[in-house]
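The same chain A turns up in both complexes below, where it pairs with chain B and then with chain C.
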Partner chain A sequence: MRVALRLLVVVVFLAPLALVLAGSLRRVGLPPPAGLELLPASPGLTAYDRLGELTPLSRLLRNSVLVVLVAVPLATLVASWAGFALAQLPPRGRRWLVGITTGLLLVPLPMLWIPRFVLYLQVGVLDTLVPLIAPALAATTPFTVLLAYRAFRRVPPELWEAARLEGASALVTWWRVGLPLVSATTTAIAAVAFVFHWGNYLDALLYAQSEATRTLPLGIGELATVDGAEQSVLFAGAVVLAVPAVLALLAVQRPLLATRDGS
Partner chain B sequence: MLAVVGPSGSGKTTLLRLVCGLLGPDEGSVRIGGQEQAGVPPERRPVAMVFQGYALFPHLTVRENVGFGLRVRRVRRGDRDARVHEAAQKLGLYDLLDRQPAELSGGERQRVALARALVRDPAVFCLDEPLSSLDPLLRADARRELADLLRADGRCAVFVTHDQSEAMTLGDRVAVLRDGCLEQVDTPRALYDAPATPFVASFVGTPAMSLLRRGSQVVGVRPEHVRLVPGQDAFVHAVEDHGHEVQVLLDVDGGRLVARVPVGDAPPVGSRVGVVLGRTTTWPVG
Partner chain C sequence: MRLLPLLLGLALVAGCGSGTAGEQREDRTLTVQAAGGEGELSALRELISAYEQARPGVTVSFTGVPDQGDHIAKLGTAFAGGNPPDVFLLNYRRLGPFVDRDVLAPADLGDRSEADFYAPSLEAFTYDGELACVPQNASSTVAYLNLDLLERAGVALPTEEWTWADLEEMAKSLHSKGIAAVGYDAEIRTVAPFVWTAGGEVVDDTAEPTAMTLDTPQAGRALQYLDGLQQYGVDATARAAAGPADQFAGGSLAVFFDSRRSVPVFRKSEGLSFDVRPLPRADAGRPSVSLLASDAYCVSKGSSSLAADFASYAVGDEGGTVLARSGRTVPSVKALAQSPAFLDPAQQPASSSVFLDVIPTLRRLPNVGPEDEAEEAANDLLAQYFAGKAGLDETGAAVRTATAAAYGQRS
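And now, the complex of A and B:
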């Protein structure tokens, strides 16, 4: 029974990925299939070649990787610091700030589009990669801060006091005591930040859509206009977009499941 | 060695936190060896704290735990190792230096916490409920071991406990706290023989002093100073057999008395007996 349930979950999540993968192997130029097709009749990689012709793939990739390389560590650091600071506050101020942080989760993102556009315009960073990295300065989403906060609150407070008695500053306490004890949560935060920044289509569309700054999601998104005979190119793009995310999650899966702060 | 004892919420732990600098006093001052400590940060006070539950860093080895403070204070590696080894030797932790706290027994963890305090070379040890997280069966041994260790070291130690028998057996002097106020500080003997307030009287000793209301006075009498004679003064409410002695709970005018009687001399429950009080202590009703 449990195995069956697990299989069901796996199928539900894996099926779309499998279909995309299968679709990307269909040769370019054939008419689109009538229905779902688990494996194309004569699979090939022509869609990937065509993808390279239609989009500046290496530049898209480079931009996306650049954004993620800067934004993910930055977001993780900010979230961890903010969560740590929240956890150190006396109960009263803490409750307030945690409440506000939770409230921020309810702010609809479209509310921020125009203010952010104006801000980026005035600072002069429109059509650079900066607007794609900037959310990391605010930990990408309040959710990561709350994650970090919960993790640091689970650490017995005497450990902070013991460190303080030894003269450890806040930064040293965070680095030597806090961070090693919440490594699983920190990994999870990095994963959340990665998924957001890697697939960040909207910010790219709004603030950075010139040739030079275009990232992978935007570049692939534009393929939606190809005609039916080239549909497999769109699938190939989706695979290129998905593979790094899957690899990144596989890479962090082991530390995520093995560490102690989940308990 | 000063034992601080009191019911929970009486301010015992707060007192330790004031001494070690985790809290600042609203008024008054903290002096250690005559030196005013206001404005001195915790790490520069000549105080080391052993937390309740020990607060060992679970991700660090014994060596790293003991050397944590030295490392934070950027003591050079050679010196650090030497001092960690010295403390480990003193506490018999030498073979455990590369273990993590999770791999240690309760007693070993306590010794690691003590070693971490010892490397600071403090003038005062603060210990918060040092025995409470140990198995009750091991507590008596651990108590003796702890006493030997602290005495051998010859340093001042302040330790907090809610267990009056622990305070009486470990402390050279015992301070009794109640609701943040100091009720009495004295030797265990003086505390037992001449409690300053009815609260101290009712807190110290097993069983505690019996308190009787007599007009405008409270009269306290220890169970060993109650003698049973033929008579009608008291109603025998219950008899508790403790093996080496029998305690008799008596209802008398003004309250309840406990009497210690030799095994075999207990009156039957429900009967009436006469009572002669030996040494008593009296306080005005406050």
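And now, the complex of A and C:
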């Protein structure tokens, strides 16, 4: 029964990916199929060739990779530091700050569009990759801070006390004592940050002005308006966008499942 | 996009929504933003390239956005942040909030005069008595016909005076031969011309709309007629599987209603032979009416003189010809629309002049905003009606209520 349920979950989540993959193998120029098509009649890679013609794929990929290479470690570090600091606070101040951090999750994103736009404009980084990396300075989302906080809270307080008695600084305590014990959560935070920054369409839309600063989600998004005969190109773009995210999640799966934080 | 008035309002409050577009950049640099499909954006890139060649030393930074909602969100944020594009393309249905917030420079037609333009597109971009933007196109909804399917069914091409009864007769003949006859997007832009030709109105007041009026007997007749056509072609279930535009492009649909925007796609479709006719009129003796689809080049207040120069170049002989050749737009300038660049006999549809013939019959939707919200609300309810999930009276009443709420948001 459990196996059947697991299989069902796998099918539900994999089916869209499989259909997108199958759609990307349909020959460019053919009208779209009338319904779902599990495998095109004469599969090929023409959609991927056409994708390279319609979009500056290498530049889009380069920009996206640059963003995640900087933003993911940065977001993970900031979230971990913030979570660690929250966990060290006395209960009263901690409750307030955790409440505020949770409240920040409820702030509608559009409220940040204009302040951020003005800030980037004033600092002179509009139309660079900086606005796409900048959210990492705030741990990308308050959710990652709360994740780190929960993980550090599960560490027995005696360990922090012992480190303090040994004369370890906060940074050394975080690095030598805390971080090794929350590696699974840290990996999860990195995965969350990767998925966010790799697929960040909105910031790219609002703050990238020129072709040179466009990233993959924006480039693939432009394909949304291709006509039916080129629908497979859109699917090919979706595959290119999805594969790194899937690979990243597969890569972190083992450490995530192997460790239980704080124990 | 419900946020637009708010974002533009913030621009006004902050005092940064005007007077800054050009100041941030050097005089020889221009930013242009537009939304559209791949064909449309390619045509605009070609136009920009021609402009840069015609104005040595000028650099144009172009941002193409595929989705209208994203286009408006990006514009709203940029205006509020005080760094809007110098020139942007805007549909007349979204004009109101921009004029209300005073973020547009007066339209400059350059060497053209108002007499050079088709009146409906000028009128659509006239707000409080002033022309707000330079009209790019004057497109309209027409009937696309698959010539091979008609021939296979032994059905003659309709005349330009055809009626609803003629279309229904044709649909029956096609359907009896196993051919999907008629398909359309179940949206207000499809429904509107049918309501008008039946003698009804889509909104209570185009200048100051307070609700859509699909609860009248005339509108009811139009809705029932369109609903009845589904049995001969693309119904809601088939629409969900593949859009009628795709089915027409694939050669499996005989008649499809849409604006000029479909032409580049249909031209690219292998083996598709097609032509166009005006939309059928409700009865003989009634006028055929179509819906205006028009965009314009709007210049942000405070932009350098290059912005106005670009807009006038785009509707000039040189720039306008580049766009006319793309097939995507019906030029708003009469001379361009009547030129071989647009009426190229070697290109489909052979009867491109139909797009010009219907111009005097064009009517439009409101331009005061928030039109997107009203149309989205109406489209959701129309989708329910055409899927058989809501009755006629229920739909008419619900559309009135929902659109009244949307129009009521106008500040």
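Operating definition for what follows: the second predicted complex is superposed on the first by the 260 of 263 C-alpha atoms of A that agree within 3 Å, B and C clash if a C-alpha of one lies under 4 Å from a C-alpha of the other, contacts with A are read in each partner's own complex, and residues count from 1 in each chain.
Here, contacts are C-beta pairs under 8 Å (C-beta built on N, C-alpha and C of every residue); 3 or more make two chains touch, one makes a residue touch a chain.
All of these numbers come straight from a predicted model, not from anything done at the bench.
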Margin query: Once both complexes are superposed via chain A, do chain B and chain C end up clashing or fitting?
Written below: fit
Checklist line | Touched partner set for A:166, first chain B, second chain C, both or neither | finding: first
Check: Looking at the overlay, what does A:209 touch: chain B (first), chain C (second), both, or neither?
Finding: second
Notebook entry, point to check: Just chain B (first), just chain C (second), both, or neither: which does A:247 touch?
Noted result: neither
Next item on the list: Using the touch criterion from the header, give the chain among chain B and chain C with more contacted residues in chain A.
Entry: C
Notebook entry, point to check: Touching A:222, do we find chain B (first), chain C (second), both, or neither?
Noted result: second
Check: Touching A:54 in the superposition: chain B (first), chain C (second), both, neither?
Finding: second
Item checked: Spatial angle chain C-chain A-chain B, Cα centroids [nearest 10 degrees] -> 150
Note to self: I'd like to know which partner A:181 touches here: chain B for first, chain C for second, both or neither.
What the structure shows: first
Checklist line | Smallest distance from any CA atom of chain C to any CA atom of chain B, in Å, after fitting | finding: 49
Check: Which of the residues in chain A end up touching chain B in this complex?
Finding: 156, 158-159, 161-168, 172, 176-177, 180-181, 260
Checklist line | Of chain A, residues touching chain C in the complex | finding: 29, 31-35, 54, 110, 113-114, 117-118, 121, 126, 205-206, 209-211, 221-231
Next item on the list: Using the touch definition up top, name the residues of chain C that touch chain A in the complex.
Entry: 3, 7, 10, 16, 24, 31, 36-39, 41, 61-67, 70, 73-74, 77-78, 80-83, 241-243, 245-247, 249-252, 265, 268-270
Checklist line | chain B residues within the chain A interface of the complex | finding: 20-22, 41-44, 48-49, 51-53, 55, 57-59, 68-69, 72-73
